[in-house]
Every structure is written in C-alpha cells, then in structure tokens.
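Every chain is named by a letter (A, B, C and D) in the order it is written, and numbering of its residues begins at 1.
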Amino acid sequence: MINKIVQSMADAMAGIKDGSTVLIGGFGAVGQPDQLIEALIEQGAKDLVCVANNAGNGRVGLAKLMELGRVRKIICSFPRSAGSVVFEELYRAGKIELEIVPQGTMAERMRAAGAGVPAFFTATSVGTILAHGKEEREFNGRRYVMEHALKGDVALVEAWEGDRWGNLTYRSSGRNFNPVMAMAADLTIAQVSHIRELGELVPENVHTPGIFVNRVIHVDRGPAWA
Amino acid sequence: MINKIVQSMADAMAGIKDGSTVLIGGFGAVGQPDQLIEALIEQGAKDLVCVANNAGNGRVGLAKLMELGRVRKIICSFPRSAGSVVFEELYRAGKIELEIVPQGTMAERMRAAGAGVPAFFTATSVGTILAHGKEEREFNGRRYVMEHALKGDVALVEAWEGDRWGNLTYRSSGRNFNPVMAMAADLTIAQVSHIRELGELVPENVHTPGIFVNRVIHVDRGPAWA
Amino acid sequence: MQGFDRKGMAARLAQDIPEGWIVNLGIGIPTMVGDYVPLEREVIFHSENGILGMGPAPAADKVDPWLVNAGKQPVTLRPGGSYCHHADSFAMIRGGHIDLCVLGAFEVAANGDIANWATSENDTAPAVGGAMDLGAGAKRLWVIMEHTTKDGRPKLVEQCGYPLTTPAAVKRVYTNLGVFDVVPGKGFVVVDLAPGLTLEQVQSVTGAPLHTQ
Amino acid sequence: MQGFDRKGMAARLAQDIPEGWIVNLGIGIPTMVGDYVPLEREVIFHSENGILGMGPAPAADKVDPWLVNAGKQPVTLRPGGSYCHHADSFAMIRGGHIDLCVLGAFEVAANGDIANWATSENDTAPAVGGAMDLGAGAKRLWVIMEHTTKDGRPKLVEQCGYPLTTPAAVKRVYTNLGVFDVVPGKGFVVVDLAPGLTLEQVQSVTGAPLHTQ
C-alpha cells in the first residue's frame, strides 16, 4: 500500500542534505509551510539555497534559519519588506547571497523545471538591469530574455487537504507558489490541515496530483486557519 | 453586466475569418466540441489551419470541414487512425498540408502561447526526423530542440459547466487539450453541457478561469453524456 | 499647486475603466482605484498571487486569513471569482490577458519607460515583485503617482534616472495635477488637467514637454 | 520457437513493476500489462490524456463515455485518481515524473534506440502521438513486442532501419522469447529466456549479439 503520510517531523525531514536547494511555498504568511520550516531548523541541514517569494519576516521561520547561518543564498522576488530585518543585516554584512528574480519568472522557472523544460524565453526584465548577462533574442519583432529552469532538491509546501497518495488541495489564495514548487523538487514535503481518505478528494478537483508529492504530514494550524 | 453566454450558434461563430488558425479541443470524441465544429461548417470560414490531436473521423465534424475543402493545413499528433479516411484522401491528393507534432510538444506549444512564452526547449524529438530544421542546444549535457509557441485565432472547446463570466469546468478525461487551447487563442468559444449561475462554481475548482473565454453556449449533448 | 488628493486621483482613474476589463492594481495608490469602481460596473480585478475576481476589503470581523491581495492585505472574492497557482496567474499576465495594469512609479519617461522598483543602481537588494512581469505583459500599463517628489522634483521626465522596470510600456499617467497620455514619437500629451490648473503651471513642474491634443 | 503468448509477455513484465511506481502503458500489448498487476499492489497508471490513477476496463454496462485511455478505450478511475489537462499531463512525462513507460516497437537497437511510429522515411503522414514525449521523458522505458516480425525478421537489431522515436532510450525489452536489458556500451543482455529456449535458439532470430550477465 502506498502511504506517503508520515507521523513525525523527523520523518518528514529525513535525508535533507547540506547544500540543498529548498523551495519554500507561500506568499507572505498565506500558504507558507510554517511547521515544516521549523522542522528544517530543527533538522540541521546547512549551506542551503532557499527559494521563496520573500526573504523572511521578523526573527522566526525562514528569518531564523537565515539568522542561524544556515542559508548560503536566497532566490526571491521581494527580499525587502518592513519585516525583513534579518535578511537586511546579513546582506549588508555580506553573509548571504541574493538572486533577485521577477515574481512571474520565478514561478515559471520552477514550472519549467517540473515540466522538463530546461529554458524558455520571456519579455519580462528585457531592457532592465535584471537582464544583465542573460541571452536575448528576438521573436516576431520583440525582444525576449532566456531564463533557465529552477529546480529544487526539496520543496516545503502548505496545503489544505492531503491523502495517502500525496494528492493535495489548496484553500483560497493559499495556493500561490505551492503547486509549482511541488512539481519542481526531487523531494516534496507537504504540511496539510486535513488528512483525507483515499478517494475522498474529487478527482476533477485535485490541485496537486500525488505524483509530485513524496511526504504528507498533518499540521493543525489553529482556529484562525481552520 | 458581463455576459459571455450567447444564445445562437450564429452569435457564437460571429467574426471568424478566412485564414484563421482554429484550435479544436478533444481527444477522440471525448471533450470534442462537436456542435461548434458543425457551426463552423455552417459559418463558412475557409482557408483554415486547424490544430487538433486527430485529423478527423468518418465524414462528419472536422473530417467534413476538410472534405469541403475549407482546411488548408492541419497540425496534429495523430493524423492516421482507422477512421481518418478524408484526411488520407486529401493528403494523398496533395490537397492538405500536414504538420505533425509530438502530442506533448503540441500541448506545451499552446500553453506557451497562452503564457506569453514565444519559445522553449524540450528533449522530445531530439535525434528524430521531427527535429529536422529545428534549432538544437545543449543544457547540462543533454540535447534539446527549440519549439515555438502555437497561437490560435480561435479556439473551440468543450466543457461541462460554464457561467456568464466564462468560467469553465471539465468532466473527467474530457478536459484534455481544452484548457490549453482556451488560453492560446484570441477568441475562445466554449460549448458547455450546463450553464451555472455566477458564483455557483467553487472558486478553488474552476478549471479554466473566464479570463481565457470569450463566448459560452449551452449544448445538450444528449443522455449518453449527461 | 495641489490638484487632486490621492482619493481624487484614484477616482479619476477609476472613471476610465470600462465594464468587462480585467485589471491588476499595484500596491499603494493603485490599490485605492478599486474602491472607486462601483460593484455594478463589472470590472474583474486580478491579483498576481492567484486571484481573479477580487472584491473589496472585508469588514474587520469578516477577515479570512487565507485571502490576501498582492500587498498582503485582507480582501474578498466576488461571485464568479476563482483561484489559481502562481504560474497560471503570471501566464495570465505574461500572455497578455490582463486588459490593464495600474502601477505606482518613481519616474515615467516621455517614451513610456517606467522606473518603480529600485532607487539606484547601488540599491543592491531591491524588491521587484511582479512589477516587471506586469509592465511587460499587460495589454496596457497606466501609472498613478504624485506629479513630483516630496522635495518638488518632477517625476514625469525625459529619461528615467532610476533603474527601469520596463522600457516603453506606459500608455497613460494619472497624477495629482492631471492625466497624460504617452504617445509614441511625441511624448506626454495632456488629456485632462486638475480643476483650476493651467498648462503652464503643470509644465513648470514637469521634466519633459507637455503636448496638447 | 514460440515462447510466451501475448498474455504471458504482459504478465511477465507486470511481475517486474513494484508497488508505488507511476506507469504509462502504450497502446496494444503494453495496455494488457495493466491486467496483470493486481489491484492490491498499488501501481499508479498514467494516461497521457490527463488521467493519473487509471483503473481497469469497466463492465460493458458501466461504460462512462467521458473516461477513455490514450487508446480511446473505456477505462475506470481508482480511488485516489485525478484528472488534469494535456500540458500538465505531459509535464508529468517530460519532467521525469513517470517511473516507467512501456511501449510497443517496430525495432529496438543494441544502443537503446527505439523505432515505433513510422515505417519508413517515405511514410509522409505517420502518427506520432505521445511516443516521442514518453521516450524522452519517462525515467525508464521498457519495450514489449514480438521478438520478430510476422515474416521472421529480427526486431532486436544493431541499428534501427525505421525512423527513430527516441535515441538511446530503451532500458529493457520483453519479447515472446525472453527479457533483455539494454546495457550502455554493451548491448542486449539476457535477463531471462522463455521456458525451454536456449540462448543459441534466441540468438538465431536476433539481429544483434545477446550477452549473458
């Protein structure tokens, strides 16, 4: 019997290696796999490359992982926000690398990795400093830059429901980056608010099919998110 | 009030021009917009380029459109099947052009058109006669061919439910090419088995958001499909 | 010179959005535009975090923690709205399916260049978000911003001094002093001035020639 | 030489599919493989027309016209199964998420080349379907086919005569006469022969050297 549901965070994090590229879902707090990030802090892997839309907030979660010196590089679209204090400190001190990527390009680069497309062209960033060093090319009279697939060793995603085959659904705007990250990593770990019996999810309305998911763990996010 | 629901096939077909590239959904009979194809036959546009997985069956639908001499070229993955008699006749007589495209490449080329990606790389067809004339390139030690976006002037799609904003859901394996075609055309026309009130479709489970759909028409496909 | 206040600017822009358009509103003043499109005029608001058919902010006691806009503020979903993932959401943007994007800006140049994400080449960790995708992908880009900086320097300029977000993308600019089309080969063309202002007054705080229609 | 019949070939291959694999079965003999994987051994069958978790054919009175496999035959969906669109379905294939693809073939060469879609360069309207995507994308490609053509010519060859589907892709071949690994730099290596057959017998109808392990 296929059973991707794990019972402990230690099992969920097993085998994550130093030097991994870790894709972390969420858009701000929404759809962010908080408990998996905490578990990764606990697990100990270091020298990580983290891919996330934001560069952490306050001194918890991703910010804490960075503050502990475990993140070598961050790839994101929006590093600078009111609460990104840890990132700012580390970055100014030259203790963390940054690759800034337009948000849509970041999503598409991961979707490409998941879909077996090593590179694609986009008009986004043409004529800007973010196009520096990128190959440019004209199609039908318009200029485009070539972007490469962005693959993860690990993806940490947050979902609303999950079953033992790894099928996931997302709630509302909590979907965001999670489905593209799930398909772009070798090891995808999902924290879900609700475990469902196999067959309970409507086949037409599975948002991430289990083929993209390796481990599922139940996390009660508390009354505000219930 | 936005209302994409039209009441007649004449309204559904209005404005389709000679020379159009027409994307036609479906995989065999499943998810195929039969009534829209009949209406296109009625409407009269000619010199068409049709994109569909198959090159028609028997002497109805797409096969009839071809038999009437209205199709200049067909782009498909599987032209030859037991029932593709009209295509075979026309092709042997040099009366129709054929572009044969691997099925996944065909789907991805339309998805690319819908997503503003003019070209992408894939390993599919490398080292085969279908790679002839295509640019090849190596990424991480593997060879890929460059494929271009495939855009439609018109898409004819079949869906299970639709509302006045153009939101669609699909049933079972009837989804197939329909969502990618819907996003890849300037004018997307959907035949739906059921019209729903705005707000009746579950927001998490809309399969094609209305942004990709221009016209919706109700078609009763009969008891077998109800 | 005062002209419109921020609400007035947002209301002025909102007047020009016809029913049926799909519109993405950036963070800041652009977000306020939504408040001035009456619900009965059906304009479909898109948010790049995967929302199509976004509605206004909820009452304080009706906040849904799962539902935020691109600025991470609580919002609602209108009947007919739907959710999708980030790659699909930006396919809508990059694929040219968004009728209008409204962004704020540091500067807009007479050729339509927009700079709105980094304040200098030396700003080594700027936050680009979805601005470049929106600038390059939407069918039309309108900017809404104050006409000058806080210290009085023009924000409509001959050439942007800040790093570009997207070249030659802006079609129209709404400021506290007026509305200006960006016409290729010509530059800024006055559509409208705020009540009581003269062309000369507005020209005096603009860094590029203002043409009349 | 007879060896396995088609059912026997399908059953032999089915033995080698472990629980948990995601498997795409091509049209023809490959489709029959599914009948020999017991439901309690959970193997997830993928069909390129957007089905993950496909089940066996339904009873004649339970046919659902909406639910067909890649060969357009009626099938069922297992609990846990799901549907997706064609681009997502081929993302699963192209992205290397399918553990195993089983295809039929006209020829397989000693270097793993497969030819299964066009019978000559002059076949101007051949049907490729998803074969090239599957050949290039699946984690491993196994072929199931008769060992020789109807008129006795070998289908395991030094070099394919027919147009290729995918170069150097086949990892293993199941025929009526045995099971053969394709080992890079070596060629065909015998895993198993059908009961009662000798290596010499099978070699005599094979167009490339058969190695032993």
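Note that a residue touches a chain if its C-beta (ideal position, glycine included) is under 8 Å from a C-beta of that chain, and two chains touch if they have at least 3 such contacts.
Please read all numbers here as calculations on a predicted model, not as lab measurements.
Listed here as common contacts of subunit B and subunit C: A.
Subunit A and subunit C have Cα centroids separated by 28 Å.
Distance between subunit A and subunit B, defined via averaged C-alpha coordinates, is recorded as 33 Å.
Subunit C and subunit D, compared by their mean Cα positions, are separated by 54 Å. Counting partner chains per residue, subunit D shows two or more touched chains at residues 77, 83-84, 87, 90-91, 93-94, 137.
Within subunit A, residues 108, 111, 115-117, 122-123, 170-172, 175, 203-204, 207 each touch two or more of the remaining chains.
If you draw each protein chain as a dot and join the dots that touch, the picture is not a line, a loop, a star, or fully joined; it has some other shape.
Chain pairs that touch one another are A-B, A-C, A-D, B-C, B-D.
Across the complex, subunit C is touched by residues 1-2, 111, 113-117, 163-165, 167, 183, 198-199, 201, 203-204, 206, 209-212 of subunit B. The touching residues of subunit A, when paired with subunit B in their complex, are 108, 112, 115-123, 137, 139-140, 142, 144, 148, 169-172, 175, 202-205, 207.
Of all residues in subunit C, those touching subunit B in their complex are 19-20, 22, 42, 44, 46, 52-53, 77, 79-84, 87, 90-98, 137.
Contacts from subunit D toward subunit B in the complex involve residues 47-51, 64-68, 72, 77, 83-87, 89-91, 93-94, 118, 121, 124-133, 136-137, 163-168. Listed in rising order, the residues of subunit B touching subunit D in the complex are 27-30, 77-81, 87-88, 91, 98, 100-105, 107-108, 110-111, 122-130, 170-180, 207, 224-225.
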